[in-house]
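Here the structure is laid out as structure tokens; the discussion comes afterwards.
Order of writing sets the labels: A, B, C and D. Residues in every chain begin at 1.
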Amino acid sequence: MPVGVVLALVAGLFASAVVATCAARRPAAQSIVYGLSLVVTLVLTGLALSELVGVEAPASTLVLPVGLPWLGAHFRMDALAAFFLVVVNLGAALASVFALGYGRHESEPQRVLPFFPAFVGGMNLVILADDAFTFLLSWEVMSLASWALVVVRHRDAENTRAGFIYLMMASFGTLALLLAFGLLAGADGGYGFAAIREAVREPETTAIALALVILGTGSKAGLVPLHVWLPLAHPAAPSHVSALMSGVMTKVAVYGFVRIAFDLIGAPTWGAGLVVLTLGGVTAVLGVLYALMQHDLKRLLAYHTVENIGIIFIGLGLALAFQANGMAAGAALALTAALFHVLNHSLFKSLLFFGSGAVLTATGERDMERLGGLIHRMPLTAFAFLVGCFAISALPPLNGFVSEWLTFQAILLSPELPQWGLRIVVPAVGGLLALSAALAAACFIKAYGITFLGRPRGPAAAAAGEVDRFQIAAMFALVALCLGAGVVPGVVIDALAPVSEQLVGHALPAQSAVAWLSIAPIAESRSSYNGLLVFLFIAAAATLTALGVRRLASPGVRRGPAWDCGFPDASPATQYTASSFAQPIRRVFGTVVFQARDSVTMPPPGSMDAARFASIVRDPVWDGIYAPLAAAVGALATRMNHLQFLTIRRYLSLVFLLLVGLLTILALWP
Amino acid sequence: MINPVAAMLAVPLCAAAILALLPGYRLSARANVVATALTLVSALSLLAVERPAPGPFLLIDDLNIVFVVLTAFVGFSTSVFSASYIGHEVETARLTSVHLRFYHAMYQVLMFAMNLALVANNIGLMWVAVELATLSTVLMVGIYRTHEALEAAWKYFILGSVGIALALFGTILVYMAALPVTAGGLDAMVWTALVASAHEFDPLLLSVAFVFLLLGYGTKIGLAPLHAWLPDAHAEGPTPISAVLSGLLLNVALYALLRFKMLLAANEEAIAPGPLMVAMGLTSLLFAAFMLYRRRDIKRMFGYSSIEHMGIITFAFGMGGPLANFAGLLHMTMHSLTKSAIFFAVGHIAQVKGTQKLADISGLTVTHPWLGWGLVVGVVAIAGLPPLGIFMSEFLVVSSTFTREPLLALVLVAGILIALGALMLRLGEVVFGAPRGRADPASASYVPMFAHLSLVLSAGIYLPPPLVAWFQNVARLLG
Amino acid sequence: MGDLDFDIAHLLAGGLVLVSFLLIYQDRLYALLNIYALHAGVLAASVAWQAHVQDAPHLYVTAALALGFKAVVIPVALHRIIVRLGIHREIEQVVGTGLTMLAGMGLVALAMVVMLRVTAEADPLAREDLAFALAVVLLGLLLMVTRRNAVSQVVGFMSLENGLILAAAGAKGMPLVVEISVAFSILIAFIVIGIFLFRIRERFDTVDIHALDRFRGERR
Amino acid sequence: MALIGELLIQGLQMALVLLVAPLATGLVRKVKSRLLGRQGPPLVQPYRELWRLLRKDVVMAENASWLFRFAPYIVFATTWVAAALVPTFAVGLLFSWSADLIAIVALVAGGRFFLALAGMDVGTSFGGIGSSREVMFASLAEPAMLLVVFTLALVAGSTQLSTVSAMLVTPGVGLRVSLGLALVALIIVAIAENARIPVDNPATHLELTMVHEAMVLEYSGRHLAMIELAASLKLVLYLSLIACVFVPWSIAPASAGVADHGVGIAGYLAKMVAGTVLLATFETTIAKLRVFRVPDFIGAALMLGLLATLLLFVSRSL
């Protein structure tokens, strides 16, 4: 039975975590641990893939006598689980490859090695869990392990703070989910997913549960306004872990939402769809705007994860809306789009974080303002990162475009929706999605242009060199996957068919039937796209032109100083920086959303000291929700703290008053 | 074949007498371990042998056997810890061997008193035993003779005495309630007899009695606003005593309260004890959660955390029902193990850093990885994060409450989250960051700490079926 | 039992409450101690009477203890302590006597209401006794929380405890009464010694912030 | 046989746009000069310039990277492919189903992506100015364009450009508010995308006002030729897009005879001429906007597009 095998492998992961704890300080530990996790995750990927594309096998289940005593730990492997297992383990495998090289530069490996396999194992367990207790248990194991990885660089107070905020948000999410499960399980505590599926409950119960689920999974996935921990925590971890957290762990959160909202609760209301849709739209645009304001490469990437989560949730919201109105085809399309984007984002976000990790190893810099010109010193990394940027900007012929294209197609189906609320919101969300796509391109032009192009802005960037072969290998594997998923999307869509079949009882038409490997989600006459042809056309046109021009034109290339309108050899400081590049967009959007303010202080004429530029960007969510909350708790704590310093007489009077009060109650008690 | 109950009571008593006379502290420490080991053995043998019929003074049933075994176990591991703890104390001349003689004797007296309180079938006897336990701990809290220690001991003493008085008044009232129904005299104080005939008692008298008992024993449990003695006693006493206080004495007092709750439950006209306990539990939880934030002394902080968890446990038992009661029992067990483990760690930390001030402790995972990571695991456990045992009980409490009383569950969750915030904030400062201040090499025995933690960990993942059946049985008993 | 027995028991118990009021009323330490001696004496009398009524001879022990230890030894010892610590000039009330008296009235009323609502099966003597005992206990607590200095609070505690003994004695055939009274005497002895040893003059309720910081070890 | 025919038509179309592109640019210049009362360059001037550029050597900054050298070809290729997929004189082209309207927009965006990067590659301040302003415009123009696409797709029930234009020929469409709004939005977007006045001035030589020109400032020789050609292709692309959607008449239907195709070509050329003339007149009548007024201009397009889409969501008949 596959699930048993899978569990055994996951157990192997935990075992290697234990091994790592014992032997973390040995020099060989690095390669052993990462090698082990590489092998295990690869096998897991293979198993899950075979489960996904294999023949229609009934979901295999397994009950272990652990966990909640009278329930046991239930595990289940179905299409949905299989797909997400692929996503998780693929990302984990490549992260292990990357870490084989990246880990060498780790100063305190004993703080990383034990937790990396545990983290991966935890994510696997979440996906396999088939009862509320096991689910939450694994969920928190995942959170704890990643927390430990976030605080690896614990000497920097920023990181411990990030870890703290992360852990708080994670626990908040877990408690929300706990309440949701309590509600779903009912008074007699049927915590098994099977029981929850069977149970019938009032619509308002379902509504509350769904709201709690959105809170719980949203806080893990980084939905605005629950995203605040994400851009702090993800960059703090070592880069291969950042890749896992951003590319994979957020997907586990998405899995949690899909599992509960579609599979366990089922029969959604259109209101739910509306809420999720709106949250997704807002998240997408705010996320990319946040990202545009950053100049720390890894933080920019982390913020951008928020945007992609938004896109995914737009798809999920549409799916809910369609399903609520019994439009199975639309639901299938939207869900497929969302899941496709899950896969895509896990690919290119891992790629980009690997790239940032490579930059980090080569230069020790995360701040773009001190980078630049790396394309000359690390050409391979530069190429891989370029592909990642192109893919994440949703540009054909790469994979990012396909999933967004599918989402657009789903949006274009939505006028059939009967509810007015949806009819008003959906096009607005479509606009938001388009906006976020355009802004994403801007964001990554900035990221790439400042980091890799131009001239070095600092000595570290000037002295950088290409990274080792493991890191390169991991990045190029992802490049290949991005390209593959982009040019033959039909394969992925067909692989997703059983999932959408399982969740919404309908699947997109088999794309393998469509000619020339192109995809047509509804009908070829309506809309179709062929990544392969587009890719070939562009490649062919480019090469042909290049060749033709070579024949016609003079081949000579003379190198000289940059023209720059007659100011050659200006110092690298005259280049555009990250903040100056974003300045127009900051002025257009940021002033509204973030109260962004640029302040320039000019030295008086004749004084030799430098002019200062500062750009202040405030996070409205933090200022609006979290800061007041923290302040309130702090104030209350301070106020109550006086109770520590009372005198014995006062404590006695507390006792006395309580006694008198209770007696009075009794005296008045009928 | 000696009677295990008798052994369980006799061993500590004799040990106390012997230890009071033994000169060298090393020897007496070992003797202490041996005595507690014997107690543990006899307690465990209770599980094996068939139980004696409830007599006028002693009673063994499923409920108190849980407490007995737990007490004996934690008492044993704490004595092991204390053996390695006091060594350092003597080296640093904070304690003299005379003190230690007294200390060990009192330790055994405490064990005796707690065992007596647990197996007592007579509410008067139970009262006497609880008070004896309180007094012995009072004396040990003040053992360092510093201003703070005396302050704490004195506060504990006065508040404890008032608690004693209130509890006694409640006991008398119960007796008065029983008078008209039973023959009076001794068997009007035998718990089993009382429960049997409780339904005929005068409900109002019983309710008044419960109010006094709640306040009296609630003081020992450390429920807010009766808690005032607890944090200082934990902070200023020797750490083994803090461990025993948090791990055991609070449980014993809670056990007494539970007995009377069952008594009241048997009489349906009397005031329902549940809501009172729920209210006090939630108050303690929220109160302690906020108090955790401004702590400067690491031991006092964990004292407050004990208040928080006692609040949760009282809340669970107050809610009642099979799930909540089960959760309450589990939570109590897990809290005893975890909190004592934390105090084991904290004791050595305070020794190696030469201070209890949180501000002066940092970067423990760098300087003392074992202590540091041990503390991390302990705090993670006490904060109710999986995969450790307390998560399971909190899972059950919260989810079972939410279906019955959503608002209460929300308050509960809020409290848990706030407390978690405080604990994690402090934890981060203590174990991470660049090390500061002294960092003496640790001459610690990690066995008790990691034994407890591994128990908690395994319990979070796997509970052996017999244990579960047993707990479920007890939960049913509690109604 | 005859009416007379009942009336005398009633009278003595009521007398105890009255004396508790006197305690509350007093704001001089010496007078406080003398009145406490009286309190103990009345307790002894009522316990003895109970012993006679219930013909439970062991209660005489308790009575004797009350008379000898509480009415004589303790007051004398406290007297010495006051002199030693030089705190006999204290005006140590938190709220005015009038208010405290009012509160006391309220407490007595509360005690009566609570106890007399108890149904009549419990024999009347016990009921009255309980009501008075509860009143004494509450008044003792009131004394403790309205006085600032250690000695007067000890007095409050002892009067509270007298109330307990009264209740215990009133409970017909209650076992362990003697043991309990002995235990309490020891407790009180501890407290008194504690005051004496640790020089706890104001530790109950100091107003000196620096002292707080020093002793609580928390604030800086 | 049919396949070969279609292949022929597809090839013809690609060649046509490529040939027409410089001509259109030249025509715009000519008409503008005439309107300003100048003689103006001859129509073939753009071809001459391209040729001249091709013959010249490339002068490249020392620190220009491989991306700088490849970008022109990629930009050209994407634009060309995109333009080749827009029905000019015949619908139902062989490869038209390989990329729908959304993909065409994305292709153009891809070209811009590389152009903006190329602008930053050398690391000069002007390149930075150009790129950052370009992406700021694009971040508004692209969503506006996509909303226009939504509108058309909702009207035609398809994002397939051939289907759209075929559907819009049919009388059933009639006059629609949403289509009107979409047209205005599309025109604004087209102006912005092609860096025409009032957004940008293709003929400016004042560095601080340049956007597109600043991006390509470092280019020379054949690279510059490629970029220039791509720019004029883009103009043609948008013109033919507007043409095939809003004046779809005379476009040869799928599997039509040679005659129809002839008519189609003629009509297409006519439309091109009309479009260029209109553009030129428009450009001469107004002045360039300040950079930070441009977002309002393009934002208007965004709003119009959103309004059009909303109208269609509210009622299919608007």
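Note that in this section contacts are C-beta pairs under 8 Å (C-beta built on N, C-alpha and C of every residue); 3 or more make two chains touch, one makes a residue touch a chain.
On a predicted model such as this, the values are computed, not experimentally measured, just so you know.
**Student:** Of the pairs B-C and A-D, which shows more C-beta pairs in contact?
**Tutor:** Taking the two pairs in turn, the one with more contacts turns out to be A-D.
**Student:** Quick one: which chain's Cα centre is the longest way from chain D's?
**Tutor:** Centre of mass proxy via C-alpha means gives C as farthest from chain D.
**Student:** Indicate the whole-number Å distance between the mean C-alpha point of chain B and the mean C-alpha point of chain D.
**Tutor:** The computed centroid separation for chain B versus chain D comes out at 78 Å.
**Student:** Taking the mean of the CA coordinates per chain, how far is chain B from chain C in Å?
**Tutor:** 31
**Student:** Find the geometric centre of each of chain A and chain D from their Cα atoms only, then give the gap between the two centres in Å, rounded to an integer.
**Tutor:** Centre-to-centre distance between chain A and chain D: 35 Å.
**Student:** Need the CA-centroid distance for the pair chain C / chain D, whole Å please.
**Tutor:** 99
**Student:** Could you list which residues of chain C touch at least two other chains?
**Tutor:** 114, 117, 141, 144, 153, 203-204, 216, 218-219 - these are the residues of chain C that touch more than one other chain.
**Student:** Specify, in ascending order, the residues of chain B that touch 2 or more different other chains.
**Tutor:** 154, 158, 162, 204, 208
**Student:** So, with touch as defined above, which chain pairs make the list?
**Tutor:** Going through each pair of chains, those in contact are A-B, A-C, A-D, B-C.
**Student:** Quick one: which bits of chain D touch chain A in the complex? Just the residue numbers, please.
**Tutor:** Per the stated touch rule, the residues are 54-63, 65-67, 70, 73-74, 76-78, 80-81, 84, 95, 97-100, 102-103, 106-107, 109-110, 112-113, 116-117, 120-129, 131-133, 135-136, 138-143, 146-147, 150, 153-154, 157-160, 163, 207, 217-218, 221-222, 225-226, 291-292, 295, 302, 305-306, 309-310, 312-314, 316.
**Student:** So in the complex, which bits of chain B are touching chain C?
**Tutor:** Contacts found on chain B: 124-125, 128, 131, 135, 147-148, 150-151, 154, 157-158, 161-162, 164-165, 168-169, 172-173, 175-177, 179-180, 184-186, 188-189, 202, 204-205, 208, 232, 235-236, 295-297, 300.
**Student:** What part of chain A is in contact with chain D in the complex they form?
**Tutor:** These residues of chain A touch chain D: 372-373, 375-376, 379, 382, 386, 390, 393-396, 401, 405, 408-409, 411-412, 414-415, 423-424, 426-428, 430-431, 434-435, 437-439, 441-442, 445-446, 448-450, 453-455, 516, 518, 524-530, 533-534, 537-539, 541-542, 545-546, 549, 552-554, 556-565, 567, 570, 572, 574-576, 580-585, 587-588.
**Student:** If you look only at chain C, which of its residues touch chain B in the complex?
**Tutor:** Going by the criterion above, the answer is residues 114-115, 117-119, 121-123, 126, 130, 133-134, 137, 141, 144, 153, 157, 160-161, 163-164, 167-168, 171-176, 179-180, 183, 187, 190-191, 194, 198, 200, 203-204, 214-220.
**Student:** Provide the residue numbers of chain B that touch chain A in the complex, in ascending order.
**Tutor:** Contact set of chain B toward chain A: 154-155, 158-159, 162, 166, 204, 207-208, 211-212, 214-215, 219, 225-226, 228, 231, 271, 276, 287, 290-294, 323, 363, 365, 380, 383, 385-387, 391-392, 395-396, 398-404, 409-410, 413, 416-418, 420-422, 424-425, 428-429, 432-434, 460-463, 465, 468, 472.
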